[in-house]
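Heads up, the next two complexes both have chain A, just with different partners, chain B and then chain C.
== the complex of A and B ==
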């Protein structure tokens, strides 16, 4: 085979995989939002933008969008703060550092369901370690899944637990590229540790931070399993975000068009957000 | 400006001793170069002066102050790093001003100092650029400027020219010497390049394995190296060193034999080494003492360097340019008595002679 033919065959295989596994389902899902269907086997009826006007006029949609933003922003903020903190500690020299670094990645390797079940066990009303610790401190019991705020807090906590190792690893890799001489120059220039963090560490981590926040934002906004397993979107929709609303609309209420519309709107919202994000924080900072 | 005084300054990492007690006084306005091979402790000593390494034992004074345990920021020093260590996300202007800002200096004074330094170093055009848009030489000048604006009591430079190409290195070397004389601030300069040390230093501190080998003016260490290590390290091409013995008032190695200077304190049959610099060996076609055959001829333009053997001993001889020497050419050599160095082979120490 000539090199041109080899090149073309690799290209075609790649394009086919993209088409079949990504483009086709996306286009199909978007197209569903212009139809009304009572089930996946029923004949679709074209209704144009009627699904959109209907979905956008429901309070459930706006509630889910709001929940998604609260969940994503608080999860990412905590992950970044805790992730940088742990990365700074793991970047120091101490005995057993490699072991601790290895252990710190563990939660990321566990299946979501294990983390969620562990958390549920920890906050169990009678035997949960957190429940007992709170009682021992003389504090009032927390109704983790009954109170809207506590349910959102537990969703955020579990997500932070699950994903902070990824953020830590990314920041640790970033920290290791910062030359030690920059810190030394800053020491000679008269900075204290906090000033060095703001003037050296943070700006040097900016490229990693930009990518990490972007990835985490996209993943968290679409994250389904944590909340579904933990609260199912409840109580009374207080942790229901767009991914869950889209799922329940399509698969429990059998409003396929409505579910597809919510998914499409979620996709559009993310796409526009990513576009704006890149305008504010361009990845390529080279100046002309 | 101030005197820097190191008293028995020592650095140990656990059981490994990097610097074994350095005693040194660097006078106000003096340029002292720490010279030695990798791992000799020169950079560690500099970093202890800077406060970037703790001092295991001993004391360090800058001016009247004991700064042994002070943080770098409280020592009133400025440092230039080998890799420049410019803040990549800050403009050149911000890089220059950063240290002054951190010392809470008045804005107008910062602007004045930055503009003075940038005009002295020719950085005016670069002030709004980022370090990555600069060439190596320009970055080096910014690093110097950052030290200059601080107007410290001591400048510390850690192999500042080793990342530059040979031509730029010579140019920057001159610039550093000029700057230092201009501002008159004490400077400690670390290098492994003996040419840099010879050309820049008021005094050279030669180090090996954490020990100071010799402290002296460039020509002093060149003319009277304290031991075999210094003899071999200073000078280019390096000094010829021949191991031999004292036999009836003469130095002998194989067939090679030469009179010892009168009054030299060396016991009969003791192992000593003879040193003579290639440029100090004279070619005398008629009245030479020792026959020499050239194996390799290196034409350097103004000089000719011949490597070959003289009565079984390998030697290098440097003369003013000679176009008539070829591989296999034979000469007669003369070893001027006042250019000979003798060392105790066992201890490596210089044996004093009358001259």
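== the complex of A and C ==
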């Protein structure tokens, strides 16, 4: 086969696969949002923008958007703080460092289901280990999922635990690129550890941080399974975010057009936010 | 660097706290899956024991777990193979030639990172149901490819970009065809990148709950994450069996991590991983 033919066939295969697997579903989803369909095999009826006006006028949509923002922002803020803290400690030299580094990645390897089930077992009403520990300390029992605030706090807590390793690993890799001479020079100038962190570490790692926060924000906002498995969106919709609302609309109420509309709006919101984010924190990219 | 005794003590203490914070739930999952039923309710010991294998044998003999395990394995392996095949081809075409279609591919892959799962799942489910392939492992593989393919293309794109053209040119001067140079020179040199893509595709597919929940309806086709999650919906909570099932899904991942940790870390620090 000639060089040209090899390339041409590679490219055609590539384009086809991309179109079929990535572009087609999204185009189909967006087009479904202009139709009404009450089962997955029913014939769709064109209704124009009616799904949009309907969805945007429900309080459930705005509630879900608000919950999603509260969930994403608190999860990201906490995991960045904890992740950076852990990375700074694991960057020191001490015996057993590689073991602790390995252990610190564990949460990221686990399937969400395993994490949620283990959490539920640990806080089980009567015999969970955390429930027992809290009782042994003489503290009042915590009802993890019963009030709206507690359910949201539990969702955030589990998510932070699950994703901190991502921040830790990215930050730890970034720390290796900061020249040690900078710290030495600053030390000679009589700075303390906190000053060195704010004036050397943070500015040097800003590019890493910008990317990490962006990626985590996008994925957290879209994450469905953690909250779904923990609370199912309850109690009374207090942890229901757009992914869950879209799922229940399409798959339990069989309002397929409505579900597609919510998913499309959620994507639009995300795309606009990312655009604004890049305006505020431009990536100084020399490579692309 | 010298440190005061107090400083060293504080460092080791925080390291221990980090280790416990990260690993205790995993440890507790394994301990619980092997603790005899009567002790589950009474014992407050943090050490393992009294040991039993009862939950594991219940799980393997009385539930659909073995079938679900095989379903998960099939879906994950097929996803890995298909992802590697296509992402190699796409990434190579995109890095080695200036062509018009290139932008479409790269942009689609970038946007795919931002797609809400339901934006993919609703149309996929509708499509597969309409063509009579609803509730099949094939449809689940297709859904997983929408996560793994962008990951593979992105990662290998970076990898091929940094590989000098001269290598292939030298091979071609020596009489290799373009395809031959690709197969004999580029691919072997990309092995670390390929391994990373394989690991993360496996991880994404193996741990996926969302797509499996939507695409699969029947018990016979369920994958482990969905099967396990449905155990908690039932009336009597069989925590021992649930923890045993959790341990069994996590085990292959720990094994892979122990053997291939450098590739895991490489992929995670490249920010290539969705989750």
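Criterion: the second predicted complex is superposed on the first by the 284 of 288 C-alpha atoms of A that agree within 3 Å, B and C clash if a C-alpha of one lies under 4 Å from a C-alpha of the other, contacts with A are read in each partner's own complex, and residues count from 1 in each chain.
By our rule, a contact is a pair of C-beta atoms (placed from the backbone, for glycine too) under 8 Å apart; a residue touches a chain by one contact, two chains touch by 3 or more.
For clarity, every value in this text was computed on a predicted model and none was experimentally measured.
After superposition onto chain A, the modelled positions of chain B and chain C are compatible, with room for both.
Shared-chain residue A:199: touches chain B; no touch with chain C. The larger set of touched chain A residues comes from C, when the choice is between chain B and chain C.
Measuring from the middle, so to speak, at the Cα centre of chain A, the directions to chain B and chain C differ by 80 degrees in steps of 10. In the overlay built on the shared chain, the residue A:219 is in contact with chain C alone; chain B does not reach it. Shared-chain residue A:268: touches no atom of chain B or chain C.
Touch criterion met: A:188 reaches chain B, while chain C stays clear of it.
By the document's definition of touching, of the two partners only chain B reaches A:179; chain C does not. Of the two partner chains, chain C is the only one touched by A:250; chain B is not.
Of the two partner chains placed around the shared chain by superposition, chain C is the only one that A:259 touches, whereas chain B remains out of contact. In the composite built from the two structures, the nearest CA pair linking chain B and chain C is 6 Å apart. Chain A has no residue lying at the interface with chain B in one structure and with chain C in the other.
Touching chain A in their complex are the following residues of chain B: 50-52, 71-73, 77-79, 81-83, 85-89, 98-99, 102-103, 130, 133, 146, 150.
Of all residues in chain C, only 1, 8, 11-12, 14-15, 18-19, 21-23, 25-26, 28-29, 32, 40-41, 44, 46, 86, 89-90, 92-94, 96-97, 99, 101, 104-105, 108-109, 111-120, 122-127, 129-130, 134, 142, 145-146, 149-150, 172, 177-179, 182, 203, 206-210, 213-214, 225-226, 228-229, 232, 237, 239, 242-243, 246, 249-250, 253-254, 257, 261, 264-265, 268-269, 271, 273-275 touch chain A in the complex they form.
Here chain A touches chain C in the complex through residues 1-3, 6-7, 10-11, 13-15, 17-18, 21-26, 28-29, 32, 40-41, 86, 89-90, 92-94, 96-97, 99-100, 102-122, 124, 127, 129, 132, 136, 161, 163, 165-166, 169-170, 172-173, 211-212, 215, 218-219, 222, 224-225, 228-229, 242-243, 246-247, 250-251, 256, 259-260, 262-264, 266-267, 270-271, 274, going by the rule given at the top.
Within the complex formed with chain B, the residues of chain A that make contact are 179, 181-182, 184-191, 195, 199-200, 203-204, 206, 287.
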